[in-house]
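Next up is a structure, given as structure tokens.
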Amino acid sequence: APASAQDRPVTVFAAASLKNALDEIGAAYAAEGGVPVVVSYAASSALAKQIESGAPADIFISADLAWMDYLGERNLIRAETRANLLGNRLVLVAPKAEATPVEIGPGLDLAGLVGDGRIAMGEVSSVPAGRYGKAALESLGLWAAIESKVAGAESVRAALLLVSRGEAPYGIVYRTDAAADPEVAIVGTFPEDSHPPIIYPAALTTEVVPAAAGFLAFLRSPKALPAFEAQGFSVLD
Amino acid sequence: MDFLTLTEEERSALLLSLRVSTVATLASLPAGILVAYLLARGRFHGRALLNILVHLPLVLPPVVTGFVLLILFGRRGPIGAFLAEHFGLVFSFRWTGAALAAAVMGFPLMVRAIRLSIEAVDRRIEAAAGTLGASRIAVFLTITLPLILPGILAGAVLGFAKAMGEFGATITFVSNIPGETRTLPAAIYTFTQVPGGDWNAMRLTIISVVVSVAALAISEWLARRVARRIEAG
Amino acid sequence: MDFLTLTEEERSALLLSLRVSTVATLASLPAGILVAYLLARGRFHGRALLNILVHLPLVLPPVVTGFVLLILFGRRGPIGAFLAEHFGLVFSFRWTGAALAAAVMGFPLMVRAIRLSIEAVDRRIEAAAGTLGASRIAVFLTITLPLILPGILAGAVLGFAKAMGEFGATITFVSNIPGETRTLPAAIYTFTQVPGGDWNAMRLTIISVVVSVAALAISEWLARRVARRIEAG
Amino acid sequence: MMLDVAIRHRLGAFDLAAGFTAAGGVTALFGRSGSGKTTLVNAIAGLLRPDAGRIVIGGVPVFDGAARLFVPKHRRRIGYVFQDARLFPHLNVRQNLAYGRWFAPRGAGDGIGFDAVVEMLGIGHLLARRPAGLSGGETQRVAIGRALLSRPKLLLMDEPLAALDDARKAEILPFLERLRDATTVPVVYVSHSLAEVARLATRVVVMEAGRVVAEGTVGDVLARPGLGARAGRAEAGTLLVASVLSHDAAHGLTTVDSPAGRLIVPGVAGRPGAAVRLHVPARDVMIATGPAPEGLSALNILPGTVAEIGAAAGGSVEVRIACGSGFLLSRVTQFSASRLGLAPGLAVHAIVKSVALAE
Amino acid sequence: MMLDVAIRHRLGAFDLAAGFTAAGGVTALFGRSGSGKTTLVNAIAGLLRPDAGRIVIGGVPVFDGAARLFVPKHRRRIGYVFQDARLFPHLNVRQNLAYGRWFAPRGAGDGIGFDAVVEMLGIGHLLARRPAGLSGGETQRVAIGRALLSRPKLLLMDEPLAALDDARKAEILPFLERLRDATTVPVVYVSHSLAEVARLATRVVVMEAGRVVAEGTVGDVLARPGLGARAGRAEAGTLLVASVLSHDAAHGLTTVDSPAGRLIVPGVAGRPGAAVRLHVPARDVMIATGPAPEGLSALNILPGTVAEIGAAAGGSVEVRIACGSGFLLSRVTQFSASRLGLAPGLAVHAIVKSVALAE
């Protein structure tokens, strides 16, 4: 028999990079007596299209604003519940062994540093981290020189792997990912104003279980803070 | 964490993958045999189109296949809505959808293996059965089918292995919902997307490989038995 | 934008995909035939292991296969470093790497098709060639190989189609560099990841399907020719 | 049961345009390698759809080119012993034998007994085996059994005994004879052996390069001079339908009355009065002029007159001797013929070694 | 060239323990269906590795169970005509025929000419065809040609003529005879036909249930009473090696001198002095007591004495007649034997119809 809307767990569709944090928060919420939470992690694009075609999602947390806007335009989220949940920073990483700190600014000879190697980053037109990275390099006036040396990866994690395996001497990834990889070192952080703010928005979808609002609130409460910060996210608001 | 002890979540992903792969393989096998037969023997309009359709999931990036499935078989999709209304068969965001995705992705492999076997059957033997009174369908059931068993086994094991590894179309079609559509490969993928997940991804990968190797071994053993029966007196 | 006019970038992705798929298919074919022969006929230690290895890319999520390739064939990987040093063969971030990934992903399909054909060859015919003085290798080249041509064609077309659709392992292994490793599926995937990219993704998908359908049609035509040669007088 | 075939079919450069009619009994298809025997049989079986023509089995048309009628093979109820046995490799011998029975209509009667066929073919010890390990002759025997056991309305046998030793042939031939006599199932029998044909056939159809060049009762066709060359052998002869008079059990001899006169032959089965068929090869008949020779081991010395002397071929001639109400064909060297002064009307004795009638 | 085989091999319930020796010429393997002939031939060809034993071809061991020696089939230089033709389906007839030549060592000599073989086998019109469309006999002929053309050191022929009509056989047999006489290539010849065996074989090996039950020169073995039953046929006879005396072209007859006396036979090839082999089936020899009979169409009436009367079997007895320096075997009914009072020492005439020597 189908479970009634009351005792159905809250279903969250979230960008895959949030897995560690959300798993922990979900567990904490349940421990507090909240309804069980299940999270489906996938690419924001897939999740958005699934919600569009009627997926049983209560909460959507996107890795960028674009896919949230996509649902917003189609009235598939409750606009009033939408909020920017998390922020992140963009860093330049290098394999630990060869890492020397660099000053990231308009004068940086990034192309010279990369040499005949490649700079690994998220695919610049589709992966959010890639788009932010490209914007940052453009605003710093470095893009033209480096464009031909970009290796666009399918995700930030894949870009990071290229650096940690030594395939690429440099990479542009989120601070959250870089911090966790012992094989790479952060050699510089991009100025916050060099790229559009990195934002993970969250919202309730249109057909939700009543408990969903509760969990969204919990996500935005101080109780969720440690888990997000442990992963290196900055919590917005 | 002990390497061999699975968390509740991992166990559920493993069991789900087993269920999805088994159901996908068994459920698509009859259709696979039929389509393989039609492609090997049929002379009908639309044969070329059928052939193309069958190969599509191989050619398309899995994500595209997933989207196509979502559009067709989703709750609001033309086929999905029809099946839900008339047969109560719902695919979207259910394990059944994962099985459908796995079946579709494995279908070209399964069909090709079976088709090759059918094409290798000596038609003179089938004709002999015909003179003994067996109708076309009886010939198929009593002669062709037993003779192509090795091909069917090969097709099934390819389909099963593909189902155990399929994730692109699945995650796109039915998402990655724990206990319902988070198969082993989806779980593995998820782990690869976060820092520190490599270890878990590797464990799950090994489990997945072990299962598939077992399926492979069983199929090889069965195929050898069948072959021996035919070859030796 | 005209549906049929490709942008420079799309043209380059198409040409690259053609190159990658063709090279992957042709370069892996000899190895595929050899491995299929060993699996069909060989009685040696490690046969089971070889069989497992061949099937792995089917079982593993493509991303994992990509990781494994990266670890083995990357600039610092044991095999990659060796090949680069001794043969100047570099895979990382090169189209050759994309071809390698495509070949590896298509390998199980290719091997299985060829193996099925080899298993269907009448060994009494081969024995007859042996009595006429043909060594094992001569028998293979003059008898077995021509007789399994349909299987080789089937294997090649499966490998080619898979190569045209492969993207998970490729993008993980060699990234998505325009003109170098951005194959059609990678380009398609990219479009599916941005809102509003559907139209472009669809166009490229259709192009990819057309290419694969052409390959399919050629292989079917060749296979029919071969079959006719054997069947009729 | 009638069989009426007249078809035309092209295969590459080979052009088949052949037909014959048979009313029950055994029709022998005879002809050199490549003359189209198997092709004709395949058409009757429905394995091949002729370009044109008509095939009627037991009054039922199964193919009619003009009417676009083609009854598929499984509805023709045919037992076909293929030239290449075509056993089912995945079934054991017992299952191969039983295969046809699964599909025979319920009302088809008991047909021939399984055990009887197995015993006659000597394949009892093979029942659990699979075809792959069988010897050439064993394979052929199972194929014969499979066809016999399918309760066919028509039997097609394409050189069924070619791979068998003579002893086995000697066991199978009487069985086929009994089948011919006891049932109404018509048999089309392809063979290169005149002995087999003479023994079994009611009618003989001789083929050459896709055409029927001779057709008629076995007696007629075998006695027709020139068949020898056509059939690829100098082995014409006389077919006599005789009736049993008495048996001499002690010596294993049977006395029969034939149109050519009273003959003593090796013991044959049959009560007094039963009909037996005897084939007397022309080469086994000697001619003696003058008084009846004495002191010969030959038991049968029949008086007659030379009726006709055929054309010489290869140094020998065929001589037709009128004996009793019938005749005997003898083949002697041209040299002997002239030495003995053989000419139509000459009174002679035909000397037949009794053992020559054994086949 | 010697062939020396002695092996033991088990196949399921079948146990082969057989061997024979041959020094050139044609060795006939003779025996009922399932007696192990093909299995033995397969072992010689290297298609099967026996459980134990030894096979030596031309002084070179190719298998030795004790020494764990096994020369693979492609190094044995064997031309094998398989019981199931095994043509290469993807090659046309010409390529099938030429296949063996590709692998023959350069120094292997010209061997038999391609055109000669093609003509002898009558397959010239098939050269561009593929095997799938060939008739049974055509297939078999191509298989024979393929083996002959591979320049083998040993020829294995497993019922090569079974699917052929008699006229074709009559064309192929002389070719095989010439091959036997002109080359040193030993031939192992499996056949159910005593006529073929008698004509071709130097030695005969009779098998039964996996064992060799008789072995010897063809004259010996064929004359041995009891072979009939074993070989599955009542067809013993006498083998005579005769020399050509003169030809009578007008009548197509040849006079030869044989150990049994002077004989007139249908024209055979060979200059005066050349050796020919004649097989006189026992059933074709009549016996006359008293003075030499006259006015008979039989050309050959040889005086002799009864040497031995064999045991009765099936109502007939075999009588050995000493003629000249040799003997002739005659098969007559028991009834005739007692009627004529045949007994050892009795002077008789053996009457042989000359045409009976044709085979």
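Per-chain residue numbering starts at 1, and chain names A, B, C, D and E are given in the order in which the chains are listed.
Please note the rule applied: a residue touches a chain if its C-beta (ideal position, glycine included) is under 8 Å from a C-beta of that chain, and two chains touch if they have at least 3 such contacts.
Source: prediction; values computed, not measured.
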Most widely separated chain from subunit C, with each centre as the mean of CA atoms: D
Most widely separated chain from subunit E, with each centre as the mean of CA atoms: A
For subunit B paired with subunit D, centre-to-centre distance based on mean C-alpha positions, whole Å: 57
Between subunit D and subunit E, centroid-to-centroid distance (C-alpha), Å: 26
Averaged-CA centre spacing for the pair subunit D and subunit C, given as whole angstrom: 60
Averaged-CA centre spacing for the pair subunit C and subunit B, given as whole angstrom: 20
Shared-contact residues (touching 2 or more other chains) in subunit B: 63, 67, 189, 192, 232-233
Residue list for subunit A, restricted to those that touch at least two other chains: none
For subunit D, residues that touch 2 or more chains besides their own: 11-12, 84, 129, 133
Subunit D contact footprint on subunit E (complex, rising order): 11-13, 31-34, 37-39, 83-84, 125, 129, 133, 135-138, 141, 158-159, 162-170, 192, 229, 231-235, 248, 251-253, 264, 266-267, 283-284, 286-290, 293-299, 314-316, 330-337, 340, 351, 353-356, 358
Subunit A-facing residues of subunit B, complex: 63, 66-67, 70-71, 74-77, 92-93, 171-172, 175-179, 181-182, 189-197
Residues of subunit C touching subunit B in the complex: 48, 51-52, 55-56, 58-64, 67, 108-109, 112-113, 115-117, 119-120, 150-151, 154, 158, 161-162, 164-168, 185, 188-189, 192, 201, 205, 208-209, 212-213, 216-217, 220, 227
Subunit C-touching residues of subunit E, taken from the complex the two chains share: 45-47, 72-74, 76-80, 82, 84, 86, 88-90, 99-100, 102-104, 129-134, 146-147, 150
Residue ranges of subunit A touching subunit B (in the complex, touch as defined): 11, 13, 16-20, 38-42, 46-47, 49-50, 53-56, 155, 157, 176-177, 179-181, 231
